[in-house]
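Next up, some structures in structure tokens.
Here subunit A shows up in two complexes: once beside subunit B, once beside subunit C.
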Partner chain A sequence: MKKILKKFASLRITVVVLIAGMMLVFAGTLAQTHMPIREAQKIYFQSFVVPIYLQNGTAIPVLPGGYTLGIIMVLNLLCAYLTTFKWTTKRMGVLLMHSGILMLLIGQLFTDLYSVESYVSLDHGQVKNYSESFHKNELVIIDTSNKDANDNPKDTQTVYSIPASKLVTGNMITDPRLPVSISVKEFMPNANIAMGENPRPTQGFGQRVIVQPAPPVKGDQQRNLACVYVDIIANGKNLGTWLLSSAFVNPDFIEINGREYAIHLRAKRYMMPMTLKLQEFKHERFTGTNVPMAFSSRLRLVDPIQHEDRELTISMNQPLRYDGKTFYQASFANDDQTTILQVVRNPAAVLPYIACILVTLGMSWHFIAHFLKFFNKFVKQDTEVKA
Partner chain B sequence: MNHLPRFVRCTSGFTSSMLVCSLCILGGCGEEEIEVYEAPQPAIASNTAHDPNDGQDHSGHDHAMHASEPAAADNSASTISGKFTVELPEGWQQTQPGSMILHSYQTASGADVNVSAFPGDVGGVAANVARWRRQLGLGPLTQDQLQSSIEQDKIGPIDANRVDIANDSQRMVVSFGMVDGKTWFIKLTGTSDQVQTALPKFDQFLKTVNWQ
Partner chain C sequence: MNNSIRPSRPQSTRYQSSASSSATLHSHPCTGFTSAAHCLIAFCLLIALMTTSIFAQESKQPATNATPDWNALGQIAVMHAGRLKPLDTVARSSMLMICGKQSVKVEGKSMHALEWLMQVMCKPEVADNYRVFLIHDPDIQALLQLGEEDKRWSFTELIPHLQLISAQANEAQSVQAHQRNRYQRAIIELYNHITTYVRLKNAIAPEQSKDFARQAQEAANLVKSLIADPDKLTDDMVSHINILKKGYENLAQKSNIHFVPPIGELEWSRIGEHMRLVLLGLPMDDSVIRMATIRKAYREGDWQTINTMVAEHLATPAQQQSKVRSEAMFNRMALLVNAMPIYALGLVVTLVAMMFKTRWMMITGTVIVLAAIATHTFGLGWRMWIEGRPPVINLYGSAVFIGWGATIMAMVLEKIYKNGLGNIAACLIGFSTLIIAHHLSLSGDTIEPVRAVLDSNFWLTTHVLIVTLGYSSMFVAGSLGLIFVVRDVILRNLNKQSYARMGRMVYGIICFAMLFSFVGTVLGGIWADQSWGRFWGWDPKENGALLIVLWNAAILHARWSGMVQIRGMMMMAILGNCITAFSWFGVNMMGVGLHSYGFMDGAFMWLIGFCISQLIFVAIGLFPVGQQMPEKLPNTSGTQSS
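Let's look at the complex of A and B:
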């Protein structure tokens, strides 16, 4: 066991991993010139291997991915501590520094795995109690009857959310919780859309829209217009074919067993416990120019559960932290009538702070230990000279 | 490993387990599942028109017509559509819009005003002008003629273009401009006399347009 640990603790591995890391960062940075940042991050840093694709589609791994290097680095560091590290007070500084680096690596892993980014777009006077995903879509079936299973009135709407990742051409989506089954006839991650008679759907607004599959957009600021042809099956009966698109503003409606359901392909929503209302959006410019100086949103926040009803301002360096999420002033649109807030939920947000504190403490410890050693030596030499 | 401090020896098993767990977490991530949840109504009333995405039936129209025109690819565009507001001039009447039209009106002189919006630039100005000219039985323009036929205009708060096309009997005045990735077209059509009479109020109508 000790031999294996020692092999893993080799400094050669550390050097190789660091060089591979540099190559990965270089390649990942170059890749961002011809692909969106999030795509490059996924391929180079949030992966185990980085492949290149041959003309026949065969993937050949050329570099270890970020996860592989991170895991090897963590193992290498831990093994070094378990086998070769001298556990003395003098070395405590190095231990603290390495603990901080370990925490940074692990924190980044947890951020990759568990952080969720979305946005809230609010027009002046508009209210919302949800944020929307930048890139993910969902097919939702919403029971709009505002009645529970026993037909008692209720204030909420039941939402059945099917992630777009399940909308694979030829897939049959069945779930005992869903009021219908959905047969996916064709899914288009992006499409060009125009008004016109479309004979393929037999139901809904999509009959008036022509769609042509298009390659996914490259820019990070653009959004794909996903489209899907689906057959909806209820009580063993095929109700027809619908064309749904994330470009459609409003849902289609179907009636099943006397209940009305809205069916819609839309940006994935994350419900919030509170409601936000945009009271005012301010966009200040440098005098005499159109150069933005600052922008801020004055909002009203109402949370019935926490009995909160207050006004607050979110500006560029003054985010709102609420319900484990951080709301940043990200952008604006529509002639300053619309504010766009970025919402970040990151359970590991505190780890980099702890890591920085550990590294600072470690460096201070290391510096003071060396300084004291030098100082004592200096005093000793001085005493000897005087003597 | 006897040279190691006791707590390290005791926790090495735990550390290994944590690493194995981390790998398992990594392996199990990325799978999205079907969710069922209760969506509450917002706790405050909105000042604006309804959010068209809320799944609520606010229009009272036939359900087959609920879905509206495609929104633009822009993230914020879905919040713009459906919130077109305007003040109707005296004597104008709202009429039933056609399948590709968002709002239709009839002027006091009998001319038609149609409002529509489509994602992107809908082929560009030249293609649109050529199409409108074809509708009136007119041929295409040269680049210079096209440039001189386009006037600067305003639709409410936005900068827009205007083209005025006429044949012997029919006339068409179109103001069009882009709002958040969508091109909005406001078209006045009718006989030459009808359009000429309606023009002052059409200009007044354009000034009152807003997206709230």
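Let's look at the complex of A and C:
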């Protein structure tokens, strides 16, 4: 057993993995000239093998992906520590360094798996208590009988949310908690949309919109306009066909058992315990140029549960950390009237910081100790020659 | 003088070792006295040489009224492209951008940038005939049907093609920046150069105007009298004022040098902008009249008036900008350009010293290299003080700083090993990085305003500087690898001792490269986490830095495992040059990602050429000739047994 472990602890494997890693990073970087970062990241770094596709569509694996290399690297490192490593003070630097690197790798894996990115887009004076997903959609049915809810965040609405992943053509969505059943007739991940008579839906705004299925876009800046045809069934009765799209600004309304429900396909929302209001967005440019000098958002944060009501500023390099999430100044739109904040929830965010400290300490320990030793020896040699 | 037959004197030997800058080529005895004396002589000569060459330009200007006082003119502070700078910088950066040179040949005589700018601003009808527009793209030459006899064309020659250029550039603009091809980038560049030029022509007054000072004064007087007595306003006056207003608006649009200092709440403004406000009742600032008078006097060749006006202008409170004046002097002294020949000289002297094994020459070589580094350091520091930022805020800064860091490291090696190799590495890297910097400066003013995303002095200092030092150490290791190949395989003059010694040098430097690039990269991740919310985004520049880290780790682990010996490590260090160059420039050429602010063009072939040259060296290094000795792991390495 130990023999096998020792084989696995070989430094040769380390070197090979490092060089394979370089090839992967190089390929993954070049790939970004013809595909968006998110796509390249998935193919090269968040994968086990990287294939190339031949003309006829056959995939040939050419490089081990990021996950494979990461796993080999971790195994190699662990085996080395289990077998060949000498546990002396002199080697502590190496140990620190390697544990830091291990932590970085794990941190990156956790970030890949568990971090959630979304954004809050606020117009001047607007108040929001949620952030929205960049790419994910949800179908919501909202019980609007409590109409004040929009104005008063303390009151609650009942929102039934169905993730877009459930919207598969031919699927029937039923749940005892839902007021209705939904039969998915056709789901389009992306579509071209134009105004015009559409005979297929029998209800709602969708009757005036023509949709044409389109291949999904993968760009970082572009968004897919998802569309879905659904039949809504309440009390065993088919109420008709609706066309819903994430491109529609306003929801459709249906009445069931005397209650009014809004039905909407929209970007997935992540609720926050507090509200944010945009007081002012500042965008300064250097005189006579379009180069941004600084941009910042003045916000009012109200958290009724924590009894917080305060103003704050989010600017470049100065995010807000609240509720386990971090809010960054990401962009702006609408002639500087709208601010766009990026919201990141990353439970592993702290790992790279610890890793950084460990590796820096370890490396400095190791290299500086060696350098001093070498320098002393050299100076000694030098003086001996002179004497 | 023959050093080797003199007996050595112990006390002076001690003196010499503490004088520390001297180098020992090989251990034949020599007196400290002679070496110190030579050292001193060499140093004095060099200082004299440098001072004369640098201050030559300073003293060229006699303080008479036979010529305009160019020094004073160059010191005029203006707001341009988001930064307060001397007129001299505007002249140099515009000229470098348009012409690719710091001076233009007019009727056989060389004309410096500031003189050219004055011609453009004051006598545009003459300046239009100067051949300044550098067009080297063959497709554009074909498009405009320009002959091949010259690469530079005058504005007058381009006038018939302006519409075509503008239409083509417009078409090219509709393509996303990183998807444009070479032709499209070149036509947009040419269009921008023409715009820049037209803006310079209208910087003070409308280009056709002969006497703008009088016209502006009349307008101001008219408004003043109308404010005093509004009843005098007639329809004719209204239409006259409207015409003036249109003219000023047009002027403001066509220029981009802000000559008029801040007044009250107003910021620095263009003359056109200011005059438009004058029509609305703002008192006219004297700077308008002064600049317009300078323009008129320049047209008439009245140098005396110019000199008085400039002196008067420089005496106003808004012009009391010590940094701006210092920048004008910094431009004239061109330390970072002047350091180049000193590096070259240092290289030649060191090589000759190594060839003839002459000790005093080696000391002289070291002194010259130190002088070059001193010039480099002074230039870097001065530039930093002017911009009030850490040294690296753009590619230009990175080139200067990488070179600086590398030369310092190489000199530390020289101090330890005293074998001349440090000198050579320092000169090679110092010289080439300054050449690169010079070419980067062709894209305009090198002291740019820092974009909001990067505006954090803390991170610019920690992350950027540490990563850049990582680049520096990679280049030091790589150039030592090159020297190794030349000595071991081509010249075959490496003995056993030097062989092992070079191995230790490169090993040590790679350890530092590893430390700097790793820490720098991780700090970059932390900065990204602080400002964009993600630690690592696989952005090209991040990947470039990661490549360097991985390569260093690969070299070190390969060395520890015995997969490569000294020679193999040297080859890997040379390949490190390619990887570093890719990380430094290659990713910018891709023009994608968050770091693509340093986008640059045309250097791609150079990068490829550089990488090929490094591969050739590796191939030569793989020849089975040279030191064939039983190699052992150096005892400096932290061996992990395998």
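Annotations
Following the convention adopted for this analysis, the second predicted complex is superposed on the first by the 348 of 387 C-alpha atoms of A that agree within 3 Å, B and C clash if a C-alpha of one lies under 4 Å from a C-alpha of the other, contacts with A are read in each partner's own complex, and residues count from 1 in each chain.
In this section, a contact is a pair of C-beta atoms (placed from the backbone, for glycine too) under 8 Å apart; a residue touches a chain by one contact, two chains touch by 3 or more.
Everything numeric in this text was worked out from a predicted model, so none of it was measured.
For the composite obtained by overlaying on subunit A, subunit B and subunit C can both be accommodated side by side without a clash. In the overlay built on the shared chain, the residue A:K7 is in contact with neither subunit B nor subunit C. When the two structures are aligned on the shared chain, A:R200 is found in touch with neither subunit B nor subunit C. Once the two complexes are overlaid on the shared chain, A:R266 sits against subunit B while remaining clear of subunit C. Applying the stated contact rule after C-alpha superposition, one finds that A:T275 touches subunit B and leaves subunit C untouched. Of the two partner chains placed around the shared chain by superposition, subunit C is the only one that A:Q32 touches, whereas subunit B remains out of contact. After overlaying the two complexes on the shared chain, residue contacts for A:K380 are found with neither subunit B nor subunit C. Contacts of A:M293 after superposition on the shared chain: subunit C is touched, whereas subunit B is not. Once chain A of one complex is fitted onto chain A of the other, the partner contacts of A:V15 are limited to subunit C, with no touch recorded for subunit B. One geometric descriptor of the composite model is the angle centred on subunit A: between the Cα centres of subunit B and subunit C it reads 90 degrees, in steps of 10.
Closest contact between subunit B and subunit C, by C-alpha atoms in the overlaid model: 14 Å. Of the residues of subunit A, not a single one touches subunit B in one of the two structures and subunit C in the other.
Across the complex, subunit A meets subunit C through its residues 9-12, 14-15, 18-19, 21-22, 25-26, 28-30, 32-33, 37, 40-41, 44-45, 80, 84-86, 91, 94, 104, 107-108, 111, 115, 117, 285-289, 291-295, 316-317, 319, 326, 328, 330, 342-344, 346, 349, 352-353, 355-356, 359-360, 363-364, 366-367, 370-371, 373-375, 378, 385-386. Those residues of subunit A lying in contact with subunit B across their complex are 1-2, 5, 67, 71, 74-75, 78, 81-83, 87, 106, 109, 113, 119, 121-130, 134, 140, 142, 144, 154-163, 165-166, 173, 175, 177-178, 193-195, 203-206, 208-209, 217, 222-225, 245, 247-253, 260, 262, 264, 266-267, 271, 274-275, 277, 300, 302-304, 333-335, 337-338, 340. By the touch criterion stated above, subunit B contacts subunit A in their complex at residues 1, 4-5, 8, 12, 15, 19, 22-23, 25-26, 29, 32-48, 51-53, 55-57, 63-76, 78-83, 99-100, 118-119, 157-158, 179-180, 211-212. Across the complex, subunit A is touched by residues 13, 17, 27, 79-83, 178, 256, 258, 267-268, 270, 416, 448-449, 451-453, 455-456, 459, 504, 508, 511-512, 514-515, 518-519, 522-523, 525-527, 529-540, 543-544, 546-547, 550-551, 553-554, 557-558, 560-561, 563, 579, 587, 590, 592-593, 636, 638, 640-642 of subunit C.
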